[in-house]
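Here come two complexes built around chain A, the first alongside chain B, the second alongside chain C.
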Partner chain A sequence: MFTKKAIDLIIELRSTDSIPHYNDGSIKATIDEIIALYEDLIKTITEHKEQKKEPYYLTHAITFHNSINRDKRCILAYLNERLNRIKEFRWSSGQSLLPDLLKEKLSQNEIQFFSDYDKILTEYNSKVGLDLTVDPQPPKELYIEVRVIKELGEVVLNSGCTVNLNLNTTHFLKRSDITTLVKNGSLEHIL
Partner chain B sequence: MMNDEYGNSNNNYKELTLLDKLKRAWINEKYAPNLLIYEEDIIRDVMEKIEEKESLCASAISNINLQFTANIYEMEIERLKYIIKCYLVERIKKIDKYYTSILLQIENGDEYDDKLLSEFEINYCQKYKALMDGYFKNTLLNSIPKDFQKMDSNAINKPFLNTFVFCKPREDLGDFLVDDETIDFKKSSIYFLRYLPIKSLVEGGKMDLI
Partner chain C sequence: MSYFDINDILAEEQKITCNFFYDAYNLGQLEEGSRDSDMKKGSSIDLPYWMALPLAKSNFVSVIMPLSYQDEYKNKLNTEPNLISMRNFPYYDKIGVQLSDFFGDRKLKLLLFKAFRDRFLDIYKKSVNLKETDISKILGNMTYQEREVFTYGYKSSLEYDKWRSRKGEKVEKNTNNLSISSSLSSSSSNNNNNNNNNSNQNSSGSNKSSQSTTVKKRKRMFDDE
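Let's look at the complex of A and B:
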């Protein structure tokens, strides 16, 4: 059956909320199918120019044409949904670097996309003067208590003061100074 | 709640309305399915106020007597920044989703559409579109036969305007024809309607979404 591989791509993506491995094999196979279908389609049209209005050839052409479009649509949907999930990662983590675990699941183009997207977003953020990706919670208090879960040593905060963030110590610090550290998992907010 | 924190400020009235405007812009943007016009004046005014108060706080923080007040101000600044962030994020998410149709709207639109995006957002939107187009070309479109390389025109994401929204008129608007039914919009009432018929009222600032 035509477009089988393309539909499998969509099903594969829909079965999970995370980012699965980039299915290069299926995409290549689908592109090959598109090219094969296209050649067949052109052949049918050119060889039977006079009879092309006849239902037999007409249905043939339409079926091939629609199959190509469906293949294309499925691949685009697959790629687009993956990009959405990659962007979601950029927004929820606030990081501009991909962790290795995720990196090996992405294609070369997607890694390139991530760094380009990061560039655009960072540029926009610096122009409006606010980092839109950090701090998704409404601020309740100015200072919060945090515990250090990754050894950081001496750190200079945005507000200018220096603190010693040693492992397993707790600190009472300004929220806006340390939200990035909380987000990347170096500090833990004690409730 | 917010009113109390501004209690002792001299230009009490002005700040209050500015904050209300900001909140209104954010909530409208949050619940409207399409991208609304960029509230340049409000954002600029609020940013100016924030900068002014930030420098005030910076000078007050060294004085032990003013520290408590300064902390309250800082808290308030954090809150304002949070609202602005939410507003801008809401807009960026919509731009990410509908970038092609937004750029088309600006290209073919009138004066109203020119103000749809802020200067930075236009920059972002164009770069984003270039990035997306380039990506799809590299991964798929360049590898398939020429006749099929163009993007389908119906593959453009458009906001779904027929969704239902809660809305509240800013003033008494009188009778309006909505879906073959005349509705008398009254200031104190809340309505649950399809978005499309009231789109122009929301964009014209006569109706707020809630």
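Let's look at the complex of A and C:
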């Protein structure tokens, strides 16, 4: 049956919330299938030029043509969905560097995409003068109290001041400066 | 149907039994275990919806409504909509609408609408009231569209609780586990305003992103197939 590999790609993507390993093998196999189907289709049409409107051949042509389109759609959807998840990662984590765990799951092009996307977003943020990934909703207070749960040592914050973030100390800091640190689990917000 | 939507693509995999009116050149390979290179006239075979549609439009095949949309199942759906498990038909409503156009069966559309309306109240109640239970089993019995409704209700009730306990302003650790495997992130989560299961932590962590993406994300999370 055609398009089996392509559907497996989609199912693989649906079965998880995160970004699965880039399935190079299946994509290549699907592309090979497209090429094989295409050559077969062209061969049939050219060999039977006279009778190509007869149902006997037309059924063949329709089936193959649709299978090719289906394969194409599956691959495009697969890649598109992965890009969406990469973008989502950039927004939710606020990190401009890919962690190694994630990086090894991406293809070369996707890594390139991430860094380009990051560049655009960072440039926009610096022009606006606001990190858009930090506060999707307006915060109530500018300063929050945090406890350090991972030893960080001396850290220079975005606003320019230097803090000593030693383990189990609490600090009263500007919210926008340390949101990223709270998000990646180094600090804890105390209410 | 959106071109890039992975659920739409999978919905169109619904198998439909097709009967070939003519011999077909070199299509024997569609049938598993067939030794002929050609498809014989009159042979019937299960084809996915996306392939059956163009063939039927050109009048090369006759199509039969899938078993799950025939009277027996429809009657069940009509009488006991809440008791039916959609575990085996995760796209029942989505592809059902397409099929009702395809087969010219307007009644099917009305039935699907009625069934959804009846199931909706139950889904809504569950989504708002079942906060500290394992919801993966409940989700398994719903179609993907119903899961979307459920996750909206589920998420908003969690956020309401958070607001009531004055934790709404808390900056939290990002529990979005895109980069790390789910076991790692769930064990190291410092989300202390609810001690629910893993899915709850994810939902409260993902309130940083917009609502629609959150729901999409949660929808994916509960796929256990």
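The working rule: the second predicted complex is superposed on the first by the 182 of 191 C-alpha atoms of A that agree within 3 Å, B and C clash if a C-alpha of one lies under 4 Å from a C-alpha of the other, contacts with A are read in each partner's own complex, and residues count from 1 in each chain.
One rule holds for everything that comes next: contacts are C-beta pairs under 8 Å (C-beta built on N, C-alpha and C of every residue); 3 or more make two chains touch, one makes a residue touch a chain.
On a predicted model such as this, the values are computed, not experimentally measured, just so you know.
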{"item": "Side-by-side fit of chain B and chain C on chain A, or clash", "value": "fit"}
{"item": "Touched partner set for A:Ile31, first chain B, second chain C, both or neither", "value": "first"}
{"item": "Which superposed partner A:Leu173 touches (first chain B, second chain C, both, neither)", "value": "neither"}
{"item": "First (chain B), second (chain C), both or neither touched by A:Val148", "value": "neither"}
{"item": "Chain B versus chain C as contact partner of A:Arg85, first or second or both or neither", "value": "second"}
{"item": "First (chain B), second (chain C), both or neither touched by A:Lys127", "value": "first"}
{"item": "Partner chain(s) touched by A:Ile68 [first = chain B, second = chain C, both, neither]", "value": "first"}
{"item": "Which superposed partner A:Asn184 touches (first chain B, second chain C, both, neither)", "value": "second"}
{"item": "Dominant contact partner of chain A by residue count, chain C or chain B", "value": "C"}
{"item": "Partner chain(s) touched by A:Leu106 [first = chain B, second = chain C, both, neither]", "value": "neither"}
{"item": "Touched partner set for A:Leu58, first chain B, second chain C, both or neither", "value": "second"}
{"item": "Where chain B and chain C come nearest after superposition, their Cα distance in Å", "value": "5"}
{"item": "Contacts on chain A seen with chain B and repeated with chain C across the two complexes", "value": "73, 76, 139, 141, 175"}
{"item": "List of chain B residues in touch with chain A within their complex", "value": "47, 71, 74-75, 78-79, 81-82, 84-85, 88-89, 92, 96, 120-121, 123-124, 127-128, 131-132, 135-136, 138-140, 143-145, 147-148, 152, 155"}
{"item": "Of all residues in chain C, those that touch chain A in their complex", "value": "3-7, 9-10, 13, 20-27, 29-30, 32, 39, 50-51, 54-55, 58, 60, 166-167, 169-174, 176-182, 188, 190, 202, 206, 208-210, 213, 217, 220-221, 223, 225"}
{"item": "Residues on chain A engaged by chain C in the complex (per definition of touch)", "value": "1-2, 7, 10-11, 13-19, 40, 44, 48, 55-60, 62-63, 66-67, 70, 73-74, 76-78, 80-81, 85, 88-89, 91-94, 98-99, 101-102, 136, 139-141, 144, 149, 175, 179, 182-185, 188-189, 191"}
{"item": "Complex interface listing, chain A residues touching chain B", "value": "27, 31, 34-35, 38, 68-69, 72-73, 75-76, 79, 83, 87, 107, 109, 113, 116-117, 120-121, 123-124, 127-130, 132, 135, 138-139, 141-142, 175-176"}
